[in-house]
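Structures for review follow.
In what follows, chain A forms one complex with chain B and a second complex with chain C.
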Partner chain A sequence: MEQMKRRKFLGVSAVGMAAVAGSGVLVPAIANAANVAGWPAAAFDAKKLDEAMKDSIDATSVKTSAKVRLTAPTIAENGAAVPVTVDVDHPMTADDYIESVYLYVDHNPTPLASAFHFTPDSGHAYFQERIKMAKTDMVRAVARTNKGVMMSSKPQEIKVTIGGCGG
Partner chain B sequence: MAAIGNPMIRMASHAKKGQIVEVRSLIMNPMTTGLSKNKAGKLIPAHFIQTVTVTFNSKPLCNVDWSTAISANPYLAFKMRAVESGTLEMTWKDNTDGVWSSKAAITVA
Partner chain C sequence: MNLSRRDFMAMMGIAGATGFLSPSAIASSWGSGKDPYEIPEYGNVTLLHITDTHAQLLPVWWREPGTNIGTREQKEWGVTPHMVGDKKLEYYGIKAGTPEGYALSCMDFDTLAHKYGKIGGYAHIATLVKRYREQVGKKAILLDGGDAWQGSATSLWTKAEDMVGAQNLLKEDYFVGHWEFTYGADRVEYLLKHKLKAKFLSQNVFTIPWDEPVFDPYDIREVSGRKVAIIGQSFPFTPIANPAYFVPKWSFGIHPGHMQKMVDECRQKHKADIVVVLSHNGADVDKKMASQVNGIDIILGGHTHEIMGPRPVKINNTLIINTSTNGKFLARFDLDVGKGKLNGWRFNYLPIISNMIPEDHEMADYITKVRAPYAKKLAEPLAVTESLLYRRDNFNGTFDQILCDALREEMDCEAAFSPGFRWGYCKLPGETITMEDVMGQTAITYPQVTVTEYTGAELKNVMEQVADNLFNPNPYYIQGGDMIRVGNIQYTMNPGETIDKRITDLRVGGKMVQANKRYKVAGWGAMQKVEGTPVWDIFAKWLRSKKTVSANPRDLPVLTKNMTGNPGIAFPKEYDL
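Presenting the complex of A and B:
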């Protein structure tokens, strides 16, 4: 039963995707395009991985740790929606917790895909989302604790058959 | 134009104290990058959700900043430690002043 519900829930998203793809000439009427307050524009606008990492975590290389687990398919047929799960094996107590997790796609037009911020109440530094990938590429997640300790997942290659940024 | 908004949250309605529950969410948004063109060769403007904030009983739980690399009609799952009964609220904001929110209740015993 639970499984049924989940399928139905995810199915809505798939239908939505198809609707967007099918409409072809999709020209959203942008009344007022402005960034949401607090959104880190510099880090998200950076065009190169090094710059994106520098602007988001102020470092360009981070030691990998088995504690940061990135789960994604090795082959993604559709680069427009690649499911990625990140979970960090680290305590989530008031004194010591994972504060942020950054997700990068090395050669996307803007490599920083998302920046997730947790609190100790999260209980587990975990998230799942779907990302777009232009081509076969490396994906990596970098976690930072409230004390500033950083650790990176092993970069994982995802082979993309159809890019997700086509026009 | 494709549907937009319609936020949904799925979360267990009951949990034991201390249990870690998963929250899954979905919202309709084109998440266009501003880099691709339509059939007429004109650039499609960027239109995407930039922030998602989550509170539990009005206290911040987690938040995420998104780029255009997030897929259309974004799905997001995360976890929460169930400590007390209450209401989880999520708010999505996009770069065109769009704001949507949704709530889900949980009973913790």
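Presenting the complex of A and C:
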């Protein structure tokens, strides 16, 4: 019950804001979040991608689908705040909707960067956030429907480079 | 000695003009009839494109690269623009030794330079632009692809105002940017708002963090009763390739999805009959973007300083060109624009060979006036070069070699790095290097020289990162610079490998680099704010002390054998191939 409330809250906030905090800003929040009932602490604390996926979606590999669109720069302008947009092309009706979207950065110290929960009232499973990346890495989003069907975006490499030397 | 040499060059330039008008030249790909710059009228819209002039108001020497290996997986290497020398001439069906051959290829550069003379110059560009405007009247649109504000002493010292004046005299219509942003967001906004008459367009620059557009993404112009949409694309990697602190509140990127949206908006909402993108993506990025975005008729490209004329490249239904640098070419598209579609086109890729085009007096007077306060300082002779000095090449250009030599000696370092910039004009053997020439290689707003103690592992990482910006098989990871220039660093390079695996046998001073050992390396063009002497002062001091310089030996890498026969390499022996 507590968990449902939180999900609803996150669902509304995810569509209500143009930009929301990513993992970088969420890190300090985790300590407090541990006190919140239903906070998926294990998933957010996991240090390896496999563990983070298992803890969050109970799977370590998910089939990719063109319906989950992940938009991110090929090269980060600032590794501390990389803009990522996820847009899931799926109905949002009472009996078939996107319930959750998870975003992973394969080799971040804690690979699960964010989890967004939606309800049919969200209207559209879409969010934009800024995430922190330790180094050049793959980023992927996994969407799960209320029926438990999962689909993944194509993983995208985001380079975090030293720059310089341009044209 | 030098003076008589100059006289000789001037004479030969005129002699070259005679050859230029010979029947074989007439039959060439650009122009026809007695006057190679005479182009018959066609269609109802004429696009004139210049790009990446790098603030060279006066004509300069410009040699095409001898090495331009490109970015694709090996089976795709050698695709235009990644071919050089004779391969490029063969591809376009142009004879070596002709004016066009001189403009398109690096072969026999020194000899042909003496024969045909310098390229570019705003007074010469202005003559052609005025002539074509007179010819086609209101059908003409003049588009500038950016990097007009940086590359010379006077542009740096006037904070680009000298160039804005020249752009206004040319009556440029549209402009996009890259190095322009290194004057800082405030200066850019001031010049665009209060000084420049051309309209600045960019669909890919947004505010941080709210992603609001900073500039108008496009403009719709009615020409001959047709609607022409011009969409601007500034350099996508500005805060990565250049210091981000100049534009701390602006975010860039390629944004192909947003580009598609803009194209659709132009076509559906504004009923554009044709969509043109004025782009500073670079040639490889433009080609990939054209494969993803539907509905662009023409991309007028720049940034990577490629020869991608005399025939446009066609990807799906998009025609793509790249119009070189330093004012070397004026590109002209004559278009027959129908209702909602391009019915036909003619393309001319016109080398601005300055001896063949008289100066426009209005522009020439302006240039003299704007340079006058600095003329004495610019003219200071520093040293004579025995080598042909050039920068543009995938690996150490000769100008960079002597710059690295200067940095090492003046800063007392065992090694040196210099950025893989693609601007910076040439000097011929026997010519005197002046202060102006030093600025022509170094005039940036973050010129401080630094000395860094890198570990061997860090040294390799720097080189691997830069190599990946040049050779990543996915064009969207290509920033458009060349390989970092090195002084007293030797290595083997395999462009076909992936990051961290391209460089092997890395040595400093001939000795294998050790991962944990520290190396003192001089460099310039740091991405963070740093203290230090401007690089031009150090370079000039060294040149004065030498009096005569030559670019020998060169710290070129050994290339791996899979590069044998690559059409992007004109002089394989330089790389032990």
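Throughout what follows, the second predicted complex is superposed on the first by the 124 of 167 C-alpha atoms of A that agree within 3 Å, B and C clash if a C-alpha of one lies under 4 Å from a C-alpha of the other, contacts with A are read in each partner's own complex, and residues count from 1 in each chain.
The criterion applied here is as follows: a contact is a pair of C-beta atoms (placed from the backbone, for glycine too) under 8 Å apart; a residue touches a chain by one contact, two chains touch by 3 or more.
As the structure is a computational prediction, the values presented were derived from the model and not from experiment.
Participant: Thinking of the overlay built on chain A, is A:58 touched by chain B (first), by chain C (second), by both, or by neither?
Facilitator: neither
Participant: For A:77, decide between first (touching chain B), second (touching chain C), both and neither.
Facilitator: In the superposed model, A:77 contacts chain C only, not chain B.
Participant: Check whether A:127 is in contact with chain B, with chain C, with both or with neither, and answer first, second, both or neither.
Facilitator: first
Participant: Going by the contact rule stated at the top, is it chain B or chain C that touches a larger number of residues on chain A?
Facilitator: Partner with more touched residues of chain A: B.
Participant: Touching A:108, do we find chain B (first), chain C (second), both, or neither?
Facilitator: first
Participant: Looking at the overlay, what does A:163 touch: chain B (first), chain C (second), both, or neither?
Facilitator: A:163: touches chain C, not chain B.
Participant: For A:89, using the defined touch cut-off, is the partner it touches chain B, chain C, both, or neither? Pick first, second, both or neither.
Facilitator: After superposition on chain A, A:89 lies in contact with neither partner.
Participant: Contact-wise, after the overlay, does A:118 reach chain B, chain C, both or neither (first, second, both, neither)?
Facilitator: A:118 sits against chain B, while chain C stays out of touch.
Participant: Take the contacts of chain A with chain B and those with chain C, and give the residues found in both.
Facilitator: Overlap of chain B and chain C footprints on chain A: residues 19, 81, 128, 130, 164-167.
Participant: Which residues of chain A touch chain B in their complex?
Facilitator: Within the complex, chain A contacts chain B at residues 5-6, 9-10, 12-13, 16-17, 19-20, 23-36, 38-40, 44, 80-82, 92, 105, 108-110, 112-119, 121-124, 126-133, 164-167.
Participant: Within their complex, state which residues of chain B touch chain A.
Facilitator: Residue positions touching the partner: 1-3, 8, 10, 20, 22, 24, 26, 28, 30-33, 35-40, 42, 44-47, 50-51, 56, 59-81, 83, 93-97.
Participant: Flag every residue of chain A that touches chain C in the complex, lowest number first.
Facilitator: Listed in rising order, the residues are 18-19, 71, 73-78, 81, 83, 128, 130, 136, 159, 161-167.
Participant: With touch defined as at the start, can you tell me which chain C residues reach chain A in the complex?
Facilitator: Touch residues, chain C against chain A: 147, 178, 208-211, 235, 237-242, 244, 251-254, 257, 282, 303-305, 419-423, 461-462, 465-466, 468-469, 474, 476-477, 479-482, 484, 499, 525-527.
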